[in-house]
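Shown next, in structure tokens, is the structure this report addresses.
Every chain is named by a letter (A, B, C, D and E) in the order it is written, and numbering of its residues begins at 1.
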């Protein structure tokens, strides 16, 4: 359970998150909102990449705000980035190994964990391929697989669907849908692809100007007039 | 691919071991001294490579760290009766600690800024060395007296220049091997991740501060050992050996040699010390050496990012492959 | 303006392979042309190649005038503007400077008019006018990147991944904008992640895979028979 | 006693304006092309030596000064046109390191052409002096001081008010993207290197006159000048100016405090170190490469 | 006619063709100073000797190395000459660093160095090195002696390089000398790589001294004078200097401002003095020197070292010239004289050597130098052991 209370983040004069209070209990939760609403800022605040001005955030009862980013990760908070982060000269399996290194995972179980995550993400065949030689979709999946090793408790995904074609999107959907049953982690998913959100998230939160403007079961939220006006526009309606 | 590479490594290792025994036999006194220096600075260059190749960090203060290692060794030599090798390791460790402390302000920095911080460090140490000089057996903390240097102890097994060269080759090979092991294990992976993006590394649970300091410590350790070895080779040190511009030069040569393989560091050391000595011996002006270094650096940066070592190794790999296919 | 942007036999070689392999396409003035294809098809490379930002063989011409070979700047001056993939902006400069730097070929007065127009299209940017572009959110950067291309009064606009990172309501607005450009006689080459959207607005569609052109035809054809697309993707 | 402080203040400002001048040259090129040019000092040194040579050949002063500036421009543009473009896509650090190569080449060539005999460069303004707070200050020093301020103001106006300045900043920020926006890369870059080269020539002339006509010294003045540039975060010209002046004054004042006097020349590095520490306070982490 | 005045070794006029005798020389020529005058002149003299019958028919093969002020390089070239080339002696050495680095090597290998441009303590406090020049210590003290007696100096600042056993050593003894005279001395040691001489000048101002002693190589010394000129500092201090600034070209660089205000202690006779040895030096370097050779005090010094060396070799059986015999012959030099020197030159078998400690004082005037005091000796405790030796060798009363 992710519990955010009165969270405020400022960048100079910009208030990116404004006294945000949000309790996330479902297994797969969507986070949407107009550009600049503060979605990335919220994931950054949870994972420790921005300085929080005030408020608190806890996951499964553990107060996160005072922990260093790497400690949060070791505890089990995994995340992906809006802009894919793949190291050119590390192989796919090395990417996963770093996570296990940091968690001090048992050596004998390491290979098994890596194979399991790669197999699940469907990229086992490229396990020894270096970062440079991966195509964009494989990079995406590597990043997701990286979130899956080492027994994650919470996974934050920031626009994993950005730039993917529709067929790839289908595959990604399957991958995300299976994460909770397979790995048991809670997922917070940020994306602008409303179809993806609709298909995988049981509930969805909507941010605008750093404030929560709607939160509830996904279907209801996507019908909300305020959300339609601020975020979905005609297109969201047309897709109904 | 991996097999050819490791086979190359093996072949080169054999060459090096042979060098340890053969070189001192074929060189005359001058070249023994020169090669000793070259290997020592090659070791220092290997420290630069660790930071640059693994973390993408530019260290323009390596020569200053070499000076610190040398200072500690001289100080211990005059103040205690410790055997050379123990003083040497102590110098390495103290330099490693100082290096990682110096890294502290640099931890939130990368790229150009870090390069500049280290350049400022080099500038500051140049002045400190000049103001306080190197210990020569005097009293007090700085251990400097207006007198000729006191008695210096080399390792018992390496009293002569010839056996000292063997000692240096062995120590350098050991240190470089330690760095090589780092590259292939946990720290190597962590460094690669940090190099790409610190945020990403933290998100993977990597303690960025710790691993950066570790890299600085390792690089500093190699510099410190190099400094101790240099003190042992010359039996005294002079502030003019540790000027900031030489730190810049050594960095440049490390790039020219190639930072992705230890062979590159060795080449850097040879370029730094052997080439000028050769030119000096042929009566070529030292100024032209600089021109050649500069042109080599530009050439390496523009066309051979893996340096001379990279070119040699790929040529070598090509050769091995060629032979394999023609034998089949 | 009835000229057509013609790309003939364009190829781009990467270190290891041909990422764009002999592509010939037309973008007529006053039309939106969709370019579809799976990941890694070479679409982005093709756009950079047309814009002169990447070494490519083949010719680019507008009407009867060949513009390839004039260098990136010559191509831009001929009226071809590109929005590259992935939120490209001048990340260390303010939004205002980003906008002002986007019309080097315009006079001061024209530039002021175009900057005002761009802010009309993206009023979101007006509030952010003094913010450093690199610190904006992904979607905000994408708006800026598109605004930059619009400012230079292009005759042909190449947009890579138009909707990348943008909220649906903005995409809506953009669709209106490019339709407006079309009606003013501007030719648009559109790469778009949402196939449906691309096919809805375009007058012609190309499909690319593994560097080669796999299909050229009306968008309606693709809409009615998604099998064409799938087949093209699989090769 | 006040008199003594005044003396050191004036003298410190005079030296500080030289650090500032060097730092300003570095910052200008960096802001207009994105290159931190370590060869700036070597270009200045070569220009100063050429100036000496031309005077030696019996040419009148003004011709020598023009040749000096032209030397600075040619050496700078030579690098800017021949070498810099092929490194345009590399990381800023790689670009900076490459200029070290150029530094070595220039330094070597200078040493090859001119041996190390004592030399002196003189300007007519050296002979005219005014007394300020008990120090005789030559007009040359006043020129150095005033020109550093004028250059800062002029360049700020140039960068912020003119389209060319805007184009230069855009290029320095992201060359690829700027090119895509239609900015005439070659033309603008050449102008930036020309501007910087002219400044290097000018700085070399002043350094040769005011500090020492020694190529090595002028070449490596780039190190303390970098300290001034750091004070301006390699970005801000006014802060670079202030930094340079502050370093000069502190360094001069330390001469009055005996225990630290021998370590006086560490001032640039200590000040730069402190500025860096202060700048990064509260800063969290660094993101992706090239940011 | 210069030829008639020229005299080299055996003066036979026939080239020597026998087996060459290897002799080494190390100079330091790089920033911050060029100390190659000594080896240049020695090379010219040896060339002249070889053209005049050599050493009883055997030519001298003179091998010169430049240590570039680099201690490592100094060690390397020292080893090369002494071990690899097997030179019988070193002559004309002018280097600040190589003496410190190689003193032990020379002693261990039993080879003598007859230096000509020394500047550090090791050069004067080693068994196997003897230098013809005085170095900063006697020359600086000589300058101060003059300053106290003629210029009324009460408090002098010694500005020197902080190079091991160079600036600190000389300035220390300078201070002791001032104290012994009831005056005050202050050392201002600067980093040899320091860019800005202005702050050094300021330090002297802050110390409120009345006299500045420029214990520096010519280049930096001139730089400092320029700073002083700029700030109108000529009349705030008395300006004295040891030898290095005494250079032929210095007038062009210093200009009129300093005329009559800069006093220099010179260790050897003036360039244009008309003693036989000095004229011989001028003739030999003109004929056998190379273009670009430095013709400074150190050149005179190198010349006279080479001459003394040659004369010592000529006493040996040409078939028995090896390192041991040469070392013995050099140590056997006692009481030879020259118009270039104020006193007798000697080597002897001792732990330290400083045969030359009496100098002359000149003043910079109208672009040249004028003698203001001829040969005078100095009194400093540093010379106590030296005077003992001289007494033992019967050279002084």
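By definition in this document, contacts are C-beta pairs under 8 Å (C-beta built on N, C-alpha and C of every residue); 3 or more make two chains touch, one makes a residue touch a chain.
This is a predicted model, so every value here is computed, not measured.
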item: Common touching chains of chain E and chain D; value: B
item: Comparison of C-D and B-E by number of C-beta pairs in contact, larger one; value: B-E
item: Chain separated most widely from chain B, comparing mean CA positions; value: C
item: Approximate Å spacing (C-alpha centroids) for the pair chain A, chain C; value: 29
item: Centroid distance [mean C-alpha coordinates] between chain D and chain B, Å; value: 31
item: Centroid spacing, where centroids are CA-atom means, of chain A and chain D in whole angstrom; value: 48
item: Inter-centroid spacing, chain E versus chain A (mean Cα positions, whole Å); value: 77
item: Multi-chain contact sites of chain C, meaning residues that touch two or more partners; value: none
item: Touching two or more other chains - residues of chain D; value: 220, 224, 262, 265, 284-285, 288
item: Where chain B touches two or more other chains, by residue; value: 127, 131, 195-197, 199-200, 202, 208, 286
item: Chain D-facing residues of chain E, complex; value: 29-34, 162, 189, 191, 193-199, 202-203, 205-206, 218-220, 222-223, 226, 230-232, 247, 249-250, 253, 292
item: Contact set on chain C toward chain D in their complex; value: 51, 53, 72-73, 76-77, 81-82, 84, 88-93, 97, 100-105, 108, 134, 148, 152
item: Contact set on chain E toward chain B in their complex; value: 30, 65-66, 68-73, 75-77, 79-80, 83-84, 97, 100-101, 103-104, 121-122, 125-126, 162-165, 168-169, 172, 191-193
item: Contact footprint of chain E on chain D as seen in their complex; value: 4, 7-8, 11, 14-15, 115-120, 126, 129, 135-138, 140-141, 210-212, 214, 216-217, 220-221, 224, 251-252, 255-256, 261-262, 264-265
item: Contacting residues of chain D [partner chain C, same complex]; value: 163, 166-167, 169-170, 173-174, 176-185, 291
